Each structure stands twice: as C-alpha cells, then as structure tokens.
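Chain lettering (A, B, C and D) follows the sequence in which the chains are written, and residue indices restart at 1 in each chain.
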Amino acid sequence: MLDYQTLLEKTCQHVEPFSHQGEVATYIPALAEQKKGQFAIALQTIDGKVYSAGDVSNKFTVQSVSKALTLTMALQRYGDDLWLRVGKEPSGTAFNSLTQLEFEQGKPRNPFINAGAIVTADALYSRLSAPIHAVLEKFRAQSGNSNVVINRTVANSEYQHRYRNAAMAYLMKSFGNFDNDVEKVLWSYFNYCAIEVNVIELAKTFSYLSNKGVCLQSGEQVISAKQTKQLNSLLFTSGLYDAAGDFAYRVGMPGKSGVSGTIIAVLPGQFTAAVWSPGLDSFGNSVAGIAALEYLAEYVNH
Amino acid sequence: MLDYQTLLEKTCQHVEPFSHQGEVATYIPALAEQKKGQFAIALQTIDGKVYSAGDVSNKFTVQSVSKALTLTMALQRYGDDLWLRVGKEPSGTAFNSLTQLEFEQGKPRNPFINAGAIVTADALYSRLSAPIHAVLEKFRAQSGNSNVVINRTVANSEYQHRYRNAAMAYLMKSFGNFDNDVEKVLWSYFNYCAIEVNVIELAKTFSYLSNKGVCLQSGEQVISAKQTKQLNSLLFTSGLYDAAGDFAYRVGMPGKSGVSGTIIAVLPGQFTAAVWSPGLDSFGNSVAGIAALEYLAEYVNH
Amino acid sequence: MLDYQTLLEKTCQHVEPFSHQGEVATYIPALAEQKKGQFAIALQTIDGKVYSAGDVSNKFTVQSVSKALTLTMALQRYGDDLWLRVGKEPSGTAFNSLTQLEFEQGKPRNPFINAGAIVTADALYSRLSAPIHAVLEKFRAQSGNSNVVINRTVANSEYQHRYRNAAMAYLMKSFGNFDNDVEKVLWSYFNYCAIEVNVIELAKTFSYLSNKGVCLQSGEQVISAKQTKQLNSLLFTSGLYDAAGDFAYRVGMPGKSGVSGTIIAVLPGQFTAAVWSPGLDSFGNSVAGIAALEYLAEYVNH
Amino acid sequence: MLDYQTLLEKTCQHVEPFSHQGEVATYIPALAEQKKGQFAIALQTIDGKVYSAGDVSNKFTVQSVSKALTLTMALQRYGDDLWLRVGKEPSGTAFNSLTQLEFEQGKPRNPFINAGAIVTADALYSRLSAPIHAVLEKFRAQSGNSNVVINRTVANSEYQHRYRNAAMAYLMKSFGNFDNDVEKVLWSYFNYCAIEVNVIELAKTFSYLSNKGVCLQSGEQVISAKQTKQLNSLLFTSGLYDAAGDFAYRVGMPGKSGVSGTIIAVLPGQFTAAVWSPGLDSFGNSVAGIAALEYLAEYVNH
C-alpha cells in the first residue's frame, strides 16, 4: 500500500537541487522578492486526508491557478453557454496571444490563457454584485481557512502593469465580446490572482476536481461529476500554456500553473496535489514543481 | 498648355457614375449620414492658383488625412528621432494590424496605419501644451481659413468606438512605446480626425507637399525640401493602407485617404489636389475619388 | 458488471441518425466514393476479448490513424531523440500549418499534424530498408491478420494530390529538418495512410496503447509502459487536430482520427476501441464516430 | 548643367568606405567568393549616352533584378490578366513569406518577392517554347551585348539550394496557382537569376523604364508608356523587399535589388542607373549601392 507521507518526503529530497534552478518572476516587485531554494508540496486524498512536506507554511499568491476556480464559478452560472464566449482548444504559442485573438475575432482559444481568463472574469462580473469578495469567499470555504486574504500590494502592482491585458480586453470589446468596464474587470481579475495561500490550502481548494465535483471541506457539489471530468480534460490539454503538451507527456495529469511558482495537479478518484517553488523555467512554470509532479506521477497508479 | 479648370470639370463628368458606387462608412452615425452621389475636387498649383469643380462647398471631416499633417508636425519637433518609434515600411494587410504590432514589439510599421498615427499623436502630446488646439490652428493657417472647426459630434462618436484603437495603444504601452495616458491621447487623435473642411481648404492645407515644404498660404517653410521628398515617398508607399500598391499602380502619385471619402494627392513641383466623394470601396477608399485621380493622372505630365 | 457487447449494440442504435450527417472527404476520388449511413465499432479489452457491432466487415483506409503507429515505430528506433525533430505541443488552428512551421523554423508542433507525421516518416525512411513493407508488416502482426493490404488506388491518388504536403516537406528541408528525397518519403507516407482494415483489425493493431505497451496479438512489448503513457498523453492533447480540445472535453480519452471516418480511442488498463463512419464534421472528424465514443465514455469508468 | 561623369566619379569616392561594409551573400559558394571593397556604377540617359565609374568591367549575376525583366516579358504576353495570379501590394516582412502566401491562398503579394517571381516564371514557361533562351536573348538585345551568358555554376548551385522556393511553388500549386512542373520552372527561374552582366550592360537592359517603354539599344517599344509608369510604381513600392519603404525614403526612385550586390534605379524621363558592390546589409541590399543611389539622388532633379 502506498504511503503518501513517505512519497512526499522523498519528493522533497528529489527536487531539492531543482529548487535552486530557474528564475523568479520579475515583472512586478512583489514576485521578484521571492527567494529560490524553497519548495513545498501537499495533497489531499478523496477520503479527506492531507499530506504535506517542505516549506508548507509559506504563503504565495495563486496567480493563474485562480483561473481554474473562476472558470468553475462561471460554469456554475452559465453552464455550456460560457463556451459561446471562450473556446476549448489548446492555444499554440505565447507569441500568438493577440494575433490569435484578432484572427479568431475576439474569442479566446481557451479559458486558461490570459484573454480567456479575462473574458471569464467579465462574465463573472456581470453576475456577481461583489465579485472580488465572492471569489475570495469561495477560496476560504473550499480551503477550509476563513482567514485567506488578498495580497493588495500584489494586486496593485499587477494592475499597474496591466497594459498587455488591457490591450486584450479592449480588443475583445472591439469584437463585442466584453460587457463591462475594462478597468474594473481587470481590477477584479488581478485581485483573484493575488489571493494568498499555502500549498495545503491550495490543494484543499481544488479537492473537488479529484472528487467528482464535491468539495471535501464544504461538502458542496461545486459542479457536476460530468463537468468535473470536462474541466479536467481542459486542464490536461491547456493548463500549462505553451508547455501543456510537455507537462502532459512528463506528468500525465490535469494541471494548472501560476507565475508565483505554484502548480496544482489532479488524479481523479485519488487526490489533488499542490506544489510551490518560485524558480521558473522559460515557459513560466516552476522548475522544481514540474520535477516534483513528474516524480510523484511515477509512483502513483494511473 | 494645360487648362486645369477644364480638366477638373471633365473629371467631374467622368466620375459622376462612380460617385454612386461603393458604400459610405457606417461605423459611426455621423459618417453613415453622408449621401452618395456627391463629388468635389480642387487643386492648388505651386503658383498659388486654385481650381475646383463639383460640390466644392460641402464640408467633411478629414479623418485619416489628418495623419499626414500630424506626422509633419511631429517631424518638425523630433526630426529623424521619430523613426525610433514608428517605421517607414508598407504594412501588408489590415488583418495584420495587431498581429504585426505584436510581432514587431510595439513599433508600428509606418505612420499612416492607425497604430502609427496614434504613436505619432502620443509624441505630439508630449511636446504640445494644447495639442488639439495646435493641430486645428495649423489647419487654419495652412488652409487660409481661420474658421475651420472640429466636428465634436464626430469626435465624440469616434471616441465611443475607440476599442480597437485602445487595444493598439495599450499594446504599444506594454512594449514601452507609449508615454502618455491612453484615453487622453486617443481623445486628441479623434479630434484631429474630426477637423471639418472642404476640398479647397484641404488642397491648400497640403500645398507644402508639392512646393518643397513651403506653404502657399502661410509662406512658412513647414518642413525642409528633403523632408518633403521623404514624406511624399512615404505617402507613395503607404498612404492608402492595403491599397497603396494599387493606388500607386493606377495613379502614381503620393496620396492619403480618409474614410469620409476624401483623398489628397501630390504632384511635386506642380500641385496638391484634394477630392471627396463618400462612397467607399472594400479598402475604405473613395471609389469616385480614386477614379478622379486616375483620370487626372492621365492628363498631367509626370 | 459491464457488458461490452450490449454497450456496443446500444451505441450502434444511438449513433444511427448521426451516421447520415456530415460530408465524406472529397479531395481524392477513392474517399469520395464512400457512402454515408454506415457505422462500425469494435473494442479489444486487455484480456484479449474482442467486441464489435455494426458494419464490422467493411474495409477502409487508416489515413491519419497510421500516424500513431509510425510514431510508435520511430520511438522504437530513436527514443527521445525524435523530439529534436518534432515537438510535443498542441498545434492551434489548421490555418497555421505552414505559418507555424515557418515561424518555428521547420520543427513541426507535434507528430500528428501532417508536417509532424511527414518528418516522422522521413526519420523512419532513414532506418528502414523497406519502410512501406515494414509498416505494413507491423499492421499485419498487430492486427492478427496477415492479409492486410495497401489500397494502391488510394495511395496513388493521395500522391497525385501531394502538393501541400510537398510544400511542408520542402520547407522543413530548407530548415535542415528533412534528410531524404521528398518525393520518396511522401510516397511512403501515402502508402502508410492507404493501409486497409476493418474496425476489429484497427482496434487490435493499437491494443498495446491500453496494455502498457504490450500487443495482445503478437505479445511484443512494442514500447515501454512509460512510453505508452507518454504517447497516450500526446494523443490526448493533439490527436484530433483542431478539435483535440473539444474531443477531450466530450470524450476524455486519448484518440486519433483519420479522414476516412475512422477514430481510435484508448482507455488505459481497459480497452482500445475503433470506430468508423464516413460522414465528417468541419474539422475532418467522423460525426457518428465522435458521437459513439462520447456515448461509450458515459458508460465506462474512468 | 549637370555633368553626369563627374557626378558618378564623386559618387565612387563618396561610397568607397561603404564598399567595405556589410557581408557578401553566403548561401551559395559562387556568391560567397565575391570580394568586398569593389564598386561600380553606370547610367544611361534617355538620349542614349552612357556614363560609368568604378569597377565597370566586373561581371556579376543579376539575381533578383531579373524579376523586373521577366515581369516585363510576362506583361507583354498577359497584360493585366497577370494580376489574377499575383498582387500589386507591398509585402511586409520576410518572415511572412509563406505565412502570407498561405493566408492569401497562394496568390503572392507582388511580383518581386520570390513567390511572385516564381509564379511569373511559371506564366512565362507556359508561353515560351525555350524560356531560358528567350530571357537570355532579351538581356542580350536590350544590353546591346550579344555575348551576355548565363553562369551555369551559379544556376546549378541555386537549384541545389532550392528547397524554400520549392516549398512556395508547391504551396501555390496546392492552391491551383501553378501550371507547370515545379522543378522545371525553378530551373528556368534560377537560370534567369544567373545571367551575368556588368553595370553598363545592366543599366542599358533597363533603359526602357526611364524612356516610356522604348529600349534605347533595340529601339523596341517593350511595353507601353502607361505600363512603364505602372511598373515603375510597383518598383517604387515593392522593389527592395522589406526595405522598400526605407529605400523610397532615402533614394526616392523606383528600384530593384539583387543579392549579388546590384541595384537598378530609374529616374523617368532622365536615366536608368545600375550599381554593384557585394557587401549586403541585413535586408540583403548592397550597402554601398544604396549609399551611392542616395548620394546621386541628392544631385538630380526630381
């Protein structure tokens, strides 16, 4: 029988050298301050047990991992109608971002590239009276920690560097695929990215992805079992930007990464894992984080 | 000896059928109200004489023809340093607009595509305390009519449909090629486009392009003779968007068009012409306007 | 306990209306002759049992499904070195085919788009003295039918319409990523596509994908268990061209489609399935084939 | 009164430092052997007089300058019908070559980019029983030297490096815009590029461009005066690849360049000039050649 605690500790040892590799994100000061050499991993199995190892108490902002939760919340409210505004296909290269968006007339390729997450945020904005509060409360309820907060320094800093994201939002607006005020939606979007957690809280937040849509903390059926399988398929094909194929090849699990150096990965019917290590590869994904999940994947049955 | 007045009258007759063709611009209400079947032409020879025919007293907004004057004003202030921020090459297709801008890292291909005119407006904004007033005064001085005004309804309407231009401006800003507030620069840009003239005023405004840089109304050496030759070369290769090559092939003169249905054309050492007819072809250029200039070109020596 | 035979028969009934939809491929006469209204499905479970329903004895050419086998044969010979010549990432849109190949300097995005399969064929060509024979023999051994043949009419017809594929091959050659004679490699490639099977033979040929790399007919460890998992991940992210994301969303299994109307799908540890129905959707995938696999996926545990 | 001989000698002195700059083309051995530090210039005025200075007797292959003559010969045979197969618009960047061709469905942007010259060669191939001979004879007749020959070493070497051009030809063929055998047309195309001349012969060959279509050597009306003006407009907007705009800005004359380091330039009604110096800038245009034409342009009236 597999001993998860031992496995996580061995993973920690295995990836220690990798945790010094890569470069931390530098486009905003708050992220640039992160130190390499740190690593944490946690997983929650579908019986509710939590295992962890490494720098478990360290906090970090969720960044693009928030896109998986805001997509979930948009699917709760719009169902398949959401796909009228955003696609389900992998996106090709980063270089394409605006190119692709222009060529495809303002409909982002999938909900995990920035344009897709921003249009999802616009959709949520239309249905929630206090969207930032609502997403934060969702994180709190699903992580089981009502003290989860937003790092306002990070949110402000992201907003000050919003130009490229603003360009995408205005381009979508020119195609009629953006309903609310660009600046307000972007402010909400950056707040979602700036929610601060540790790996245990993050693994718990996404427990529903391994558990047929039911959150192990709140007990809520967040989305249906079928929707959960669909969302995992999207994460499998598109969760790691331009490295989605390589991640699938090496790890073989649905996942989502963020530039703070965090990644979640899902083994349906078994567990949701979260890793964190700030050193990033050239695709913006955590070097040690991917190495850890690749190592973990060798030992788990799927 | 060539009789310009007769030539312009014959041109009017020749293009009458074309003036009913094409479609008026519809993206803003003020332009959509223009009626087809109208046509006007004027030219000013370098000895200062003015010839005209057709609906000469009709007013229209200059739209993109303003780009030639704002570029001139930016060259006065920056000289060749302006080319650090905007290129001198033809742009290929419309479809490329943001694609090309992204691929070339925020430096627009030339000053006559929208992105290039917007970055030029940003440059002017940095050097003028009252940029809208300054450009308007320039039009007044060079057209010889101090009553030229801005059509505020058009300016407001353009601003309300600014999304695609805002996307370009924010994309340039993300690449560090935009210095001022996006909304303020766009507002100035739309005001330049909304300056209202008739064909005689327009031909006079650009008399310096055929006269080695000296305005026939103000007597000012607006730009040097060498700069004038350079600007005419740019107009030749890039003045009519995606139809620049076709215009060069058919007309063979430097030119600049606007979506109100106006076009200026320059025969260096001889005259500057202006035409106006609201019906546009699929490239956004006046059908009768191009036909008129093509007809005119057959009769003038160059 | 799940009764596969009943499930396949119910699937047949379910998709009957879909089998009349879509359009058969028309770019070569041999494919254009296929009739709509036909459907067949087969699967082989990892205990070796075979189930089937519908027009099971009907033969069709494997077309792009051959890419999964030629990739396997190239991985046997080159291992991970193959990835120096072809990527592992999803490809974005069809429109991109040559665009992407040019931008990425002759390295195809993945082995399932045409350019990627052609470079894989070039790699095989360098290592096999009789490549067409070798691939045919592999199909025979793994399908358990030594009478599988190549449809030469189809191969010839594809070759006569080779121009776009030739363009890709020459473009790769210009970047130094093509070793052999373009025409000869294309001839081999079209022969692989023209291998003729029925759904039972096809499901058996790919049994190793659900069985940790071991073929249920030949008993051979075709590729390692780890390689098999990797290959399934690639099929999941890139197996259905521009509809890979939609297929993942609806079916959630690794798969590969061909323009003859066939699709294989893999449920690791359980079975390999093959379907066939000639009516294609706008992405070139079998309408009834996808509907069948989507229906099947609802009933099997994964 | 302008003394051309003095002007050319002053030009020689002026550009001497530039002749050591840039890099000679290296993609084929025959071009790589050219030495920097050489320069030659010649011009023929419309009264038939020839002026020259520098390394006037040095021979070089015409390379892409041949495109101006093959286009002329195609216009003789097809007139405006040629524009059904090739466009008249500037092309944007080199990077776009296949991208643009794919996006625009196999119709090259203009006849001076490689794809456009190849489709023009295909058109000529359909109408000439001995196309290579015919083009060579045209060069001989118009240069006034019946001993002009093709450098077969260069032609062979170009053909061996034909892959990218073959990719374009096959792509056009896939879109139905290529009538003859790809390899045969490419062989003719490379022979046109390998015609060997000196600057005097080259200036004479293109005398018709400054003389309303009449060749000063043969006396033939090669194309009409109107077609000549049109062709000059095309050379103005598209003759120097990605540097067409910059060349227009600096030189302000229609021109065409080749990778052997040669450029022709036309001042309609006055002269046709040819320069040669093998050192190329990053766009593949002769450094000293452009500098010479820029210098020349300052002194001539236009």
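Going forward, a residue touches a chain if its C-beta (ideal position, glycine included) is under 8 Å from a C-beta of that chain, and two chains touch if they have at least 3 such contacts.
Only a predicted model underlies this, so the values are computations on that prediction, with no experimental measurement involved.
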Greatest separation from subunit A - chain, by CA centre: D
Subunit B and subunit C, separation of their C-alpha mean positions in angstrom: 55
Whole-Å gap separating subunit A and subunit C, where each centre is the average of the chain's CA atoms: 32
Residues within subunit A bordering two or more other chains: 95, 103
Pairs of chains in contact (touch as defined earlier), listed by label: A-B, A-C, B-D, C-D
Touching residues on subunit C, where the partner in the complex is subunit D: 95, 97-99, 101-103, 163-164, 166-171, 173-174, 182
In the complex, subunit D residues that touch subunit B: 87-93, 95-96, 100, 103-104, 109-110, 229-230, 232-234, 236-238, 242-246, 248-250, 252, 268, 302
